[in-house]
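The chains carry the letters A, B, C, D and E, assigned in the order they are written, with residues numbered from 1 in each.
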Amino acid sequence: MSPDLQPLLLDALLAGGVLLLLVVDLFLKDTSKAVLADLTALIFVGLFGLSFAVDTSGSAFDGAYVGGEWPLFFKRLFFAIGALTALGSRDFVAERFMRRQGEFYMLLTSCVLGMTLLPGAQNLVLLLVAFELMGLPLSMLAAWAKTEDTKGQDRDAAEGGMKLYVVGAASTGVTFFGLSLVYGMSGHLDLAGLAAAPGSPLLTLGMFLTLAGMSFKIGAVPFHMWVPDTYQASPTPFVAFLSVAPKAAGFAALAAVFVKGFGSAAAVWAPALLAITTLTLVIGNLMAIPQSNVKRLLAFSGVAHIGYMLMALAIGTGEATGVLLFYLAGYAATNIGAFLVVNAVGGRDADVDIGLFNGFSRRSPGLAACLLIFLLSLAGIPFVVGFWAKLYVFIEAWRAGLGWLVFLGALLAVVGLWYYLQIAYAAYIRPPAADREQPVAVDPRTRLAIGVCLVAVIGMGAWPSPFIENALAAAKAFIAH
Amino acid sequence: MTDHILALTVAAPFVAALLMLLVPGRNHPVLRVIGVTGSVLSLVGAIYVALHYDQAKGGLQFAQNYPFVPSFGIDIRLAADGWSVALFLLTGIIMTAGSLASATLTNRPKEFYILLLVLVSGVFGVFVCQDLFVFFLFYEIAVLPMYLLIGIWGSKGKVAPAGPFKSLWKDLDVGGKEYAAMKLTLMLLVGSAAILVGMLAMYFAMGGKSFDMVAMAHFKFPREMQVWVFPMLWLGFGSLAGVFPFHTWSPDGHAAAPTAVSMLHAGVLMKLGAFGVMRVGMILLPEGAATWAPIVGAVAALNVIYGAVSAMAQKDLKYVIAYSSVSHMGVVMLGAATLDPDGWNGAIYQMFAHGIMTGLFFALVGLIYERAHSRWVPGMGGFAKVMPGVAAFFTLAGLSSLGMPGSAGFVAEFLVFAGAWKSGHLMWAIPAMIGAWVTAVYVLRATKMIFWGEGPSHEFHDLHDAKRVEWAALWILGTCIVAFGCAPRLVLDFIGKATSEYLPAIVDAAHLVAMGGGK
Amino acid sequence: MTPSTLALLSLFVPLGAAVLLGLLGPLRRTGRPAAFVSVAGALVALAGAVAILAGGDAALKPGAHLVWGWLSAGPATAVGIHVDGTSAWMLLVVTLVATCVQIYSLGYLHDEPPAALGRYFTYQSLFLFAMNTLVLAPNLLQAFLGWELVGLVSYLLIGFYFRKPSAAKAAVKAFWVTKFADLGFLIGLVTLYAKTGAFEWTAVTPVAGFVTLMLFFAVMGKSAQFPLHIWLPDAMEGPTPVSALLHAATMVAAGVFLIVRAEPLFAQAPMTREIMAYVGGFTALFAACIAVVQTDIKKVLAYSTCSQLGYMVTALGAGDTFAGYFHLSTHAFFKALLFLGAGSLIHAVHSNELKDMGGLFKKMPFSGAVFIIGAVALAGVPPFAGFFSKDLILEAVEHHHLYVPLAALAIAAFLTAFYMTRTVMMALFGAPSHAAEHAHEPGIDMKLPLGVLALLAIVAGFGGSWLAGLTGHEYAFHFTLVGGAGTAIGLLGIATGFWMFGPAQGGAPIKRGMAPVGVFIRYGLMDRLSTVAYGLMLAVGAIIAWIDRYVIDGVMNWSGWILLVGGRRLRGLQTGNVQDYVYAVALGIVVLGAWGILR
Amino acid sequence: MTLDAYVLIAGFMFCIGLYGVLTRRNAIGILVSVELMVNAANINLAAFAHFGRGIDGQVLVLFTTALTVAEVVVGLALVLLLFRRRKDILVDLANGLKG
Amino acid sequence: MIERLLFGAVSTVLVFTALMAVTTRNLVHAVLWLGMTLATTAMLYILLQAPFLATLQLILYTGGVLSLMLFGVMLTRRSSEQDGVMVGNESNGRRRALPIVAIMLGLLVTAVGRTPLANAPVSPSPTTAEIGKRILSTHLLAFELLSVLLLAAMVGAIVLARRKDASLEGTNDPRERAAALPGSRPAGAPKEV
């Protein structure tokens, strides 16, 4: 391995994994393709483990890619998400898409490949390609539950995928156009060059168009409208992935372009981002309240969470960016866990009405307790990671003089509790329906994934120090570079 | 042992809760034994603390630091002062009585006990925590389990939306237990949000290094900051203490909650709010407290009389008691606002007295509800014939609540009134006294309507007096009411010691504020 | 034993009995054995009181003072005992009457179920403790404790027949009214504490005027002064021995005792004293007027008690503490006697109504005789007890030139003699009613107390100078014009009564005119007033409660509702049409762009 | 010709594309419009590259073009899917998910 | 001057064809108009001295994208339009779209007007070799990634577009689904299509 490929070691291995999956798929009978999930998980776990063993610092390709702690943090996050998703998807995918399992995991893995390359990209070209590599498989996977049955459970899969695709395509157009202006006004495609660009109206316009286009991926208001529909229609384990990984990657991209690239022009974009933040917080929380479909509810709750993360992004300091990383990690663990439980309760159905949770705690007390903890973490209750995440954001916002935003955020967090508790209420207080009294069936791998999420949520909640330190260090490296 | 007694006491219920996780949910006797043991252990811990607290020395004792999040200056700093001793005792007593009172619970006792024990761990923690952040964490632990406790084991009274907003309110399910649970949780968390904001402000004003409350007490926060942070803390903590107009969760919440939860919530949890206002708001922000004291006192006086008058109009027994809590917590806040030694002693003592009294009340209401299957006071009557013991204890609790000498309630109210008078706020003391009189009106009216007169009518066919273990809670609390009413110095000396340590700084600040200088 | 030890004995032995009976349910529910426990406690207390006085003046002159810090270490907020002549004598009066009443109750409540009887005697023991707490109070704080506790026991005992709605109502009414008045005590107490840092009887303070006024307000409630007397007639719902002990002899006199005790404070407040004189005088007259028209023998006595308390308050208002105290003592004996005698009559005919009695003297000569002794003593006929004390009061009032109260008292004296004669005539003489035909004398347990009290009603008046010496005053009986006139007025009242209700049955038009007036005053005015006040309070409560639910809580609910409905409205934005989603994106970029470029 | 003319023409094209995306009911029609938007970006890039911004603009055009092709591939697959499911590709008729 | 004339002509055609592409009611025509736009853009690239891009444009876009799209149009004809003469491409929401687009245009024009662009120097046109070098050095990683992307897109698109890849999929019958679970396949289950 040549030294300048050192930072790309993990990504190269992952690309190998993509091919491996394709090849192995060819040799497997449909009925035994479920093993691909295990293989995928194994790849991710292996890479996750490897990430602690190898040095990925340094830069490659004339500085188009720079390794170090910042990309490493994201890589670990993405590997973990990928592994959890693969574990959680296995039985679902094997059961529902028996003949399309290989492609599912291949797309999932290549999507992760795009994500892992994003944080280290120092060049808009690489950034853009990685962004698209992440984005395109998503719309395909969203529609994976395709069917021609007009009454079946997946009747809306194509619609969900199409909505993600159409909004995404439009946003891509907007992003491209915005970046073209950015390039034109700065004369550079590498992030370092952007910083030097003199301010001009066209640059501002380009900046904002890029912001809008990228905000689509994280689901910031008003670019969020695809989120609930796609979540509702897509295979639930994939939604677990969709709800966290692209968000993290999107934030990596936004941080790269704005915090780093346009860091000197923060006075221009920060207020705009704050406006988006406020809108996201309010709309996300408000619209989650009346939802009766749990996936939609979690979708809007996700939008709300994006608001909190945007808050950290808008502050733009090193500490705030570190806090953003912590938030992303905590949110990922929590949300994947929550969606996997929802998947278990929904019983392979894409539509999960809140009524299905009735009496959940009596049917499966352990699983219900997990769900409760995930919900509490989402709501930001102490002793689970969600609390610290919000708290750190608030602390940083306070430091940045955004007291009013802290207050708004705190108030809306309470509103959030309202709708999260509606799920808890169904699970713990309502009696189960007559035909749903047996325990919820959970396959062992999903169980494992939920367990890992639980440990992460509680661990990071009870002992946040090492994680936040790590995140702060990563952000520091990012800002300093 | 002595070194870590505070941590042990705080942890005892929590450990019991963890143990319970290992017990199958069907095994009710074992669960009960663990639950009661955990509570009794914490009571023993509290008594141990009281016995070993060196009164002559005073100050913070049994101090221990356990590092938690050092990078943000957050440590679990546990130490007890005189107030802690008193409130520790209160919590131990109420929890023991509460766990005994819920010994007859058959609906999912495992989860119930676990939540209850976790909650009480939080309560213990708040009373001895000297780190503001961990204080807040304990506070949240104490508040949050309430949602499930009310939501699952609660009951619905006869209070349904009526009047012009009926149709609007239907959306919110006003009056239901889930409404009550949700309202309680949300309102208290809005309060928590305010606390959090205030807390962060203090943290950063001190340089963002540490949440140590002892250091904060010595640190002189800028006046203008104190003036806006104090109301945040006052209203934030105050929402749990039932400060008007943020008291409205309390009637619905207490009415919907199951017996032990009402006992604990009205008996101990509401005190957390008042304790927070005093321990965090007033002691850490003396100038803010001095600036706002007139408002705090006025609102508290309003609370007293408003709660009492509202209680008078209630027809649902639990609402009567719940509004009485609002009224009595007003007395606590009034005492706090006096910034006078007697007022402060009275405030803490009122926490203690009201805790025991309202615990007894709710235990009795639980018994009555269990037997009568109704909380509708006008429908009752003549119950004393079949449940004389319950009637006697109800009267005892009522007497304490209206401040009858010989009961703990008198000592507290008397001290608070004296403090209010001494601090020159007649306009607070007189409404509060009238409120105390109104208490006599509604308590005795309720007693009369429930227990006296002819009856009971045929619809109450399975009324009977308390039985076996049910007596335990009644006797424990009843004895405490009388004992602490007759010999108040058992805890008043502890309280007075701590008050004398904390108050001078605040009085100085009040002088500064009064003179308009010292900026 | 020292006076303090004896006093502690008198204080705590009844408490011990009460606690014993209270905690030991099985013992309490045995009935008579429980009663004996209580009676034994009362006897010990009585013995203690007697022993203190038997110990002689020397030990009592400086007063034995024994206190323990209660709210804090140190004497400022202490409780304990203070034994001097005043409290020793009061202790004797209280324990003596209480013992008599308890023994009497053994017979009177013979038919009660054992559990109820046990409860009754528990209350009785508790009362004795409470009253002794008040009597022995070393400072105002403890006085307040006792004050409230006797109010509590009064409430419990009035509500003894709690299954009877009228009794239940009367009990709470008594408590509410007296407790309302007690606010005055509390305010006075707190003021005193705020200004002097302690609760001393002898405090010298510029706020004495306010403090005493407030204390007097409490006295008006406890000692049934107009207009806070309204609870006392209703309190007759309690068993008759209770009326004798609490609502005639001791508890209602606690107010008078308080003023006697707090003489140093009141001495600093001439204004309060003047108010007291007028209120007392008016009450004496007003209550006597109503007593005239009562048909219920206990109500007659109840209003009479009001009236006599008015006498005492007037005396205290006039500044003659001893006169009030003296009348308090004699009144305790003869009014207890009257009540117990009346109880004996009631016991015989099972009715309180005068019309159900009549001609009882023949059937029950002993009870009739002692009742007449009590009546004569009350009417102020020499040489019975009431004569001396009433004479002293009239003199004192005249001496202080309080002529309006004096006139009121004089008329009241006439009316007192008149209505007592009326009562005696209607109950003991005349034609026996149907119920009265089977009447018979009670047993020895009821006769014994009657006898003791009758003796005291006869002789107690002669102990005046001894009592004065004991309490540090000077008194010797000597004839004065006012006293003579008072006696004459009394005799005139008796004569008028005899003319109207004796065999002659004269003055029929007056009788006819009298009845409606009294009924109007009694039921038309005072009851209506208290009902209206109560109704008003409930109405205010209902309004506040409504406001709380729909306005204060409404804010919470409104905001919840707005969020809910707002969320629902916003759902409309999520149309499901992807072009609308793209439109939102376009809108977003346009707004962002416009803001970026045009700002 | 000066740079601003090119940028303007690109802007025109972008707006036309945007208009198409907003108004077209047919999924393929939307794809067509998106192509216009991307094309506008490409014109920009080429123009900027020509007017002194260096070689990278042209490189980026290469990449965007390739990306767009991939996007179109995926888009058409989704359109086919939608068509099979609904026998129609009018996007405003696919509104089963909402609220 | 000639350059200006040429530019004017090209841009006019460009805008016209683009407008037609988004407004014509026939979908086939719309795709063809798009093709013309893209071809015209290639002319613009030549004006900008970027022959490489022009070639790319013609090959990739006009050759690839356009035929793909036409393919799509053919495959998605509604049954009522079996004859293929007219493929519906209605528009709606013009009234609300126009202001947005107009404002956007206004913003762009304003921004361009306010930004000093006119005197930007013309740089020498890079040769194809230079572009290639650039791609294969600095942007090699992106280029490699592009191949992964295209692979993924193709694989995914094929799977999605496959007409009916399993008779089992999409069924709601739990028995059949249970049968399809790995390892529990009953003997008589339908074979793969």
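The rule we apply is simple: a contact is a pair of C-beta atoms (placed from the backbone, for glycine too) under 8 Å apart; a residue touches a chain by one contact, two chains touch by 3 or more.
Owing to the predicted nature of the structure, the values given are computational and were not obtained by experimental measurement.
Removal of subunit B from consideration leaves all other chains as one piece through touching. Under the touch definition stated at the top, subunit C and subunit E share these contacting partners: A, D. Centrality annotation: B (chain centre taken as mean Cα position, compared with the mean over all protein Cα atoms).
The interface with the greater count of contacting C-beta pairs, when A-C is set against B-C, is B-C. Subunit D and subunit E have centres, each the mean of its CA atoms, that are 6 Å apart.
Centres computed as Cα averages put subunit A at a distance of 26 Å from subunit D. Centres computed as Cα averages put subunit A at a distance of 27 Å from subunit E.
Between subunit A and subunit B, the centres computed from C-alpha atoms are 42 Å apart. Chain contacts: subunit C has residues 560, 564, 571, 574, 576, 578-579, 582-583, 586-587, 589, 593, 597 touching two or more partner chains.
Touching of two or more other chains is recorded for residues 92-93, 96-97, 100-101, 104, 107-108, 110-112, 114-115, 117, 139, 142, 146, 149, 153, 156-157, 160 of subunit E.
Shared interface positions of subunit B, defined as residues touching 2 or more other chains, are 186.
Working note: touching chain pairs come out as A-B, A-C, A-D, A-E, B-C, C-D, C-E, D-E.
Within the complex formed with subunit C, the residues of subunit D that make contact are 18, 21-25, 91-92, 94-99. Remark: subunit A residues 162-163, 166-167, 170-171, 174, 201, 204-205, 207-209, 211-212, 215-216, 222-223, 225-226, 228-229, 268, 272, 275, 283, 286-290, 415, 418 touch subunit C in the complex. By the touch criterion stated above, subunit E contacts subunit C in their complex at residues 92-93, 96-97, 100-101, 103-104, 107, 110-111, 114.
By the touch rule above, subunit C contacts subunit E in their complex via residues 579, 583, 586-587, 589-590, 593-594, 597-598.
Interface of subunit B with subunit C (complex): residues 163-165, 168-169, 171-172, 174, 183, 186-187, 244-245, 248-249, 251-252, 306, 309-314, 382, 384-385, 388-389, 399, 402, 404-406, 410-411, 414-415, 417-418, 421-422, 429-430, 433-434, 437-438, 440-442, 444-445, 448, 451-454, 488-489, 492-493, 496.
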